Amino acid sequence: MRDYVEIGMGREARRTWQLDDVSIVPSRRTRSSKDVDTTWNIDAYSFDIPVANHPTDALAGVEFVKEMHAQGGLGVINAEGLIGRHEDLDAAVRKVIEAKTAGGNATKVLQELHAAPIDLGLLTERIQEIRDSGATVAVRVSPQRARELAPDVVKAGTELLFIQGTIISAEHVASDGDPINLKEFIGSLEVPVIAGGVSDASTAMHLMRTGAAGIIIGGGFNSSGPALGIETPMATAIADAAAVRREYMDETGGRYVHVIADGDIYTSGHVAKAIACGADAVMLGYPLAAAEEAAAAGYYWQSSAAHPRFPRGEVEQLFEEKVSLEVLLKGPATDPWGGHNIIGGLSRAMAKCGYTDLKSFQKVDLTVN
Amino acid sequence: MRDYVEIGMGREARRTWQLDDVSIVPSRRTRSSKDVDTTWNIDAYSFDIPVANHPTDALAGVEFVKEMHAQGGLGVINAEGLIGRHEDLDAAVRKVIEAKTAGGNATKVLQELHAAPIDLGLLTERIQEIRDSGATVAVRVSPQRARELAPDVVKAGTELLFIQGTIISAEHVASDGDPINLKEFIGSLEVPVIAGGVSDASTAMHLMRTGAAGIIIGGGFNSSGPALGIETPMATAIADAAAVRREYMDETGGRYVHVIADGDIYTSGHVAKAIACGADAVMLGYPLAAAEEAAAAGYYWQSSAAHPRFPRGEVEQLFEEKVSLEVLLKGPATDPWGGHNIIGGLSRAMAKCGYTDLKSFQKVDLTVN
Amino acid sequence: MRDYVEIGMGREARRTWQLDDVSIVPSRRTRSSKDVDTTWNIDAYSFDIPVANHPTDALAGVEFVKEMHAQGGLGVINAEGLIGRHEDLDAAVRKVIEAKTAGGNATKVLQELHAAPIDLGLLTERIQEIRDSGATVAVRVSPQRARELAPDVVKAGTELLFIQGTIISAEHVASDGDPINLKEFIGSLEVPVIAGGVSDASTAMHLMRTGAAGIIIGGGFNSSGPALGIETPMATAIADAAAVRREYMDETGGRYVHVIADGDIYTSGHVAKAIACGADAVMLGYPLAAAEEAAAAGYYWQSSAAHPRFPRGEVEQLFEEKVSLEVLLKGPATDPWGGHNIIGGLSRAMAKCGYTDLKSFQKVDLTVN
Amino acid sequence: MRDYVEIGMGREARRTWQLDDVSIVPSRRTRSSKDVDTTWNIDAYSFDIPVANHPTDALAGVEFVKEMHAQGGLGVINAEGLIGRHEDLDAAVRKVIEAKTAGGNATKVLQELHAAPIDLGLLTERIQEIRDSGATVAVRVSPQRARELAPDVVKAGTELLFIQGTIISAEHVASDGDPINLKEFIGSLEVPVIAGGVSDASTAMHLMRTGAAGIIIGGGFNSSGPALGIETPMATAIADAAAVRREYMDETGGRYVHVIADGDIYTSGHVAKAIACGADAVMLGYPLAAAEEAAAAGYYWQSSAAHPRFPRGEVEQLFEEKVSLEVLLKGPATDPWGGHNIIGGLSRAMAKCGYTDLKSFQKVDLTVN
């Protein structure tokens, strides 16, 4: 049964948990981490590691996406980011960093750079460049602009479409326009869709019913708590989504919708906990900012940081020392806090708990402190 | 049922919650934030936004009140503050800031400036200046001096009277004077009264029965915890007051008393949470100190900080960078933490949860972590 | 019923609460703080304010005790402190402060100064000086040396004897000496005894049965948590002792033993909470270090800080700015955090909750967050 | 019954506790700390104090082990550390410290120094040097290399073998090699084995059944939380192991397996709490780094910090001021926070609670806050 508290007379609130509240318990025979398989299969695609990047220009230029592919993960570009607006992406990214370094208002610079229109030709070119490299092409659009952008983006070669906002629902209603019904919309597309973020079981179920191949739990590493009063309790939300996934499988006679965690994941320990709570894969933002291949290597902001009227998420310098994406994901690490060799950390956590594949690791024992 | 713990043998304490303990859960169809209506109607007055300022000279000089009105909110001046004691308000405010800047004891300077007598002529003049501007005239008096000051303050043109202290009750008893019975007193006035702060359900009910149009929950951003051992648990106290409001409506066959939250509200997320817990409107102190139009722009203290023998609340420099009140309330923001575009944040929180008016948003799901 | 958790299989632990976990709830008619009576009567002695000092040389030289008396409180000297060992107390205190200021090991200096023998003649002289001033004479001895020192200390004029260690029990057993049985020992003395600290109900009951006039809850502001793994949960321990006090009254047909709180009390809010939990009076250490009249004005250490082999509690500079003990206790305050006008804060807390005497304030409502 | 919470729909997690969450309650007659006996007997060995060191080169060179013996404790060297790889251990340790001091990557230097092969001749020589000094010889090997190294290590004179990794199980399975079955392996050795770390009851029981003389709870002061998502809840894990120890005694008709705590123990208070939760002895890492006799005196890293691909635990400077191991363990202390005279602190905690031996102190009352 859910655990509810009465916060005031007649007003109940469910008790929820963050990833930092839970811990994994090793209680079976240990295994060798070499025997661990971290393969993530979604739709027709198979990835060696269950990792996509959060779709921000701070990470994902074309080079980064290629390197993500080389490392066995999934690179995702943001169709509504600088990458689709500025011919010289490096120069645009540099402007943001320079504003930050000079102590200026980097958020404002980011907003100004996003005021430039989306250049579909440029976006198409970049999508094709990724496609030509042999990497899986994954592109993020917002729910607001999905209808407008998705057809071109798909035509340009997108293989996995992310319809991703801070918080989305299966049906968005606006009095001054047509509502977007994701079920119909996704049904009209020829590529698998991953949609989110969501933070509760009910919306998760509705999103699964839209036909999405995967749903995203959480809204990135953002400031939704202070700014909106909405903070996704990641451990609870992932576990709820995993429960809903089982219900939906039952309802559909076996359709499996992937649960992808995107929030409060800073270290390999968080990745392990997210999977342990029920996620199939994770989106990494913050920790990948240490990659030499990241567009803003060392600096980070997430997509919502560029919102014209209500930005969420700062432009920050996160790392002075950068390492290759390979070291970040596969080591060898010299950072002892789970920031390097993230997949090595995940594999070791699984092995120490006696599991050798991701799906079964979703059943590992948990504790809360 | 309430949740009680036994803190010692035979000694129970109710478990309570702060705004920072709760989070809002979006679990319905999302809406467009453009469709959100934040109108707040109280008595004959209608405000575009459910926001009044905490009545402190650090914010509310005459210019600030005019600008609050221009932005659709309610400006409240403090009849017992510097504004009613010093002809040259700017000079008085400057003295406080200078004492702070110079590392002196700004609290002491504030106390000294408050030792000057209230000048009813000056106060009347200022009230009329606000009235002449077309802004709604709201004035705060303390319960201790309400009887003495209210008649003149009302005569001068006050439209909404705030009888506000850190903690008040419906009946204040003093052995060396007449007790003040708010029911009789409010009944004798010709303007609607908003009274508070209160922090428990029983006092809230008593205050509602005085005939007040609204009651205030909380006692500002003060030091009542360390100084008095009394810390209002804002989420619980608001939810309790909302429950009492329902009871009182039933008791009176429909009289609706407004619940106004004044405490621990620092960001747009806190505003959204306060409404979600059951508030009809909020009083903002701290976050409005970043307004260029604030009397002490960048600096802040609350009314109780000037108490002659037991001041609560520091004189603080809160913001180096100031923006217009318009940006603070309506954006566009360049601050990503809910400090700017406070109403934009509230509207987005409501829209993401699928609500388009304040009253129904009071029913949104909540969690605690 | 007590609230227990199972920390491990078959191992239970009671859930307890600190003063910082609880808050006072004002839920009755407010009163004027001028109507509040803070008188504390214990045995034949009556104090205007329910405050004694923690017996440390950092506070209580002869001048400080006189000023405590002038302010209506109780000054307590430490028979085993520097005051009974060094003719020139000021010089001794100065040495400790100088070691601290010079970045040396002030604890070591304190230990060396305590290696000097207790000079009974000197101690007698100082006790008589206090007596001659008209102040109530209160002296602290440790349980270990009570038998040796108490007779002389009492003969010299002590009116209230504190038998106080970090943690004491009604009967102390040592294989190489006679056990001290406090019941017999207290019975043999002609002055009322206040004994402690204790942190649990069972020891509290045993101490009450020794015939003590008061028992002390807590062990000062010390480092018993990190050093001993024993941390008194002040709110719970006070409430337990108050419950035991009722039981003991019943058992004895009306003997009332005072509960005096000595731990984690830093502000007027903590004083109010301690009384609200059931204490009759408090011992203040840390906050009184800001008194100009304190022996080490601005600096603080507690008695256990001088232990020769296992000191607990640091020599610290707590305050740069000092004020008179009168301001600390009775104001007017310019510090807004409950550090000044401590009794003013207590009185206001009581008045805002509608209570006018300490005994009834022990029933005020509490919450935990 | 265990205390479980539902972190998400259908997903339960047990509630667990850290040492910092619990506190010891003195509720019996106090005793003299001189009457306390801290003897720890394991197998044929008897130690005056229940303390071994965490097996890291930062502490345990040959001189340190000798001094541990002189103080009544148990020194443990790490067969896979620098001590078995570098003829000039001091020079190797110095290189690590110099890298740290120079702001370089000390973890990398540590990894490089561990890339040197284990020199069995050198290791044998050092083991014999310890043996010749009369100290008990205790050597740690990892579960991975136990089979390869243990025979030589035992032949060289090891009296107590530690098979210790961050997390181990009774049977380690690797697809590309023979699994190691600790039961068979321990059965084949002629010396008592202490094995761990473990963090749950089930693994604890399996390890007891291997025939180990003792099991280790916890994985040192490491970064397993952030790096692996696995954080041992020390209070719960110790209490669970103590419960399992009783079950296993019953199962075997009286075989007593020692529970040794190795994690989150920084002060004498933590030592007391670990014993109070059910441990028979503790391994100290961090606090012993202040010993003048420690190999890297003032600096610390634990064994897992040298892992070639996934290091856990930093190279840190912990102490600028060093004291003798004697002062650290037995005082007299001048540090008031339980960092010095660790056994004095334990003895006083026991005495204040009325216990005079370690075994009975495991039953002392506990609280949680």
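Order of writing sets the labels: A, B, C and D. Residues in every chain begin at 1.
In the analysis below, contacts are C-beta pairs under 8 Å (C-beta built on N, C-alpha and C of every residue); 3 or more make two chains touch, one makes a residue touch a chain.
Chain-to-protein mapping (UniProt): A, B, C, D = IMP dehydrogenase.
Just so it is clear, the structure is predicted and the values come from calculations on it, not from any experiment.
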Chains in simultaneous contact with subunit A and subunit C: B, D
Superposing rotation of subunit A relative to subunit B, computed on C-alpha atoms, to nearest 5°: 90
Reference subunit C; chain at largest CA-centroid distance: A
Classification of the subunit B:subunit C interface as same or different, half of numbers criterion: different
Separation of subunit C from subunit D, taking each centre as the mean of its C-alpha atoms, in whole Å: 39
Where subunit B and subunit D are represented by their mean Cα positions, the distance between them in whole Å: 56
Interface hub residues of subunit B, defined as touching at least two other chains: 15-17, 21, 236
Touching residues (chain side subunit B, partner subunit C) in the complex: 5-18, 21, 105, 107-108, 111, 143, 166-177, 199-200, 202-203, 223-231, 233, 236, 305, 308-314
Subunit A-touching residues of subunit B, taken from the complex the two chains share: 1-3, 15-17, 21-32, 34-35, 201, 235-240, 242-244, 246, 266-273, 276-278, 331-338, 341, 344-345, 348-349, 352-354, 365-369
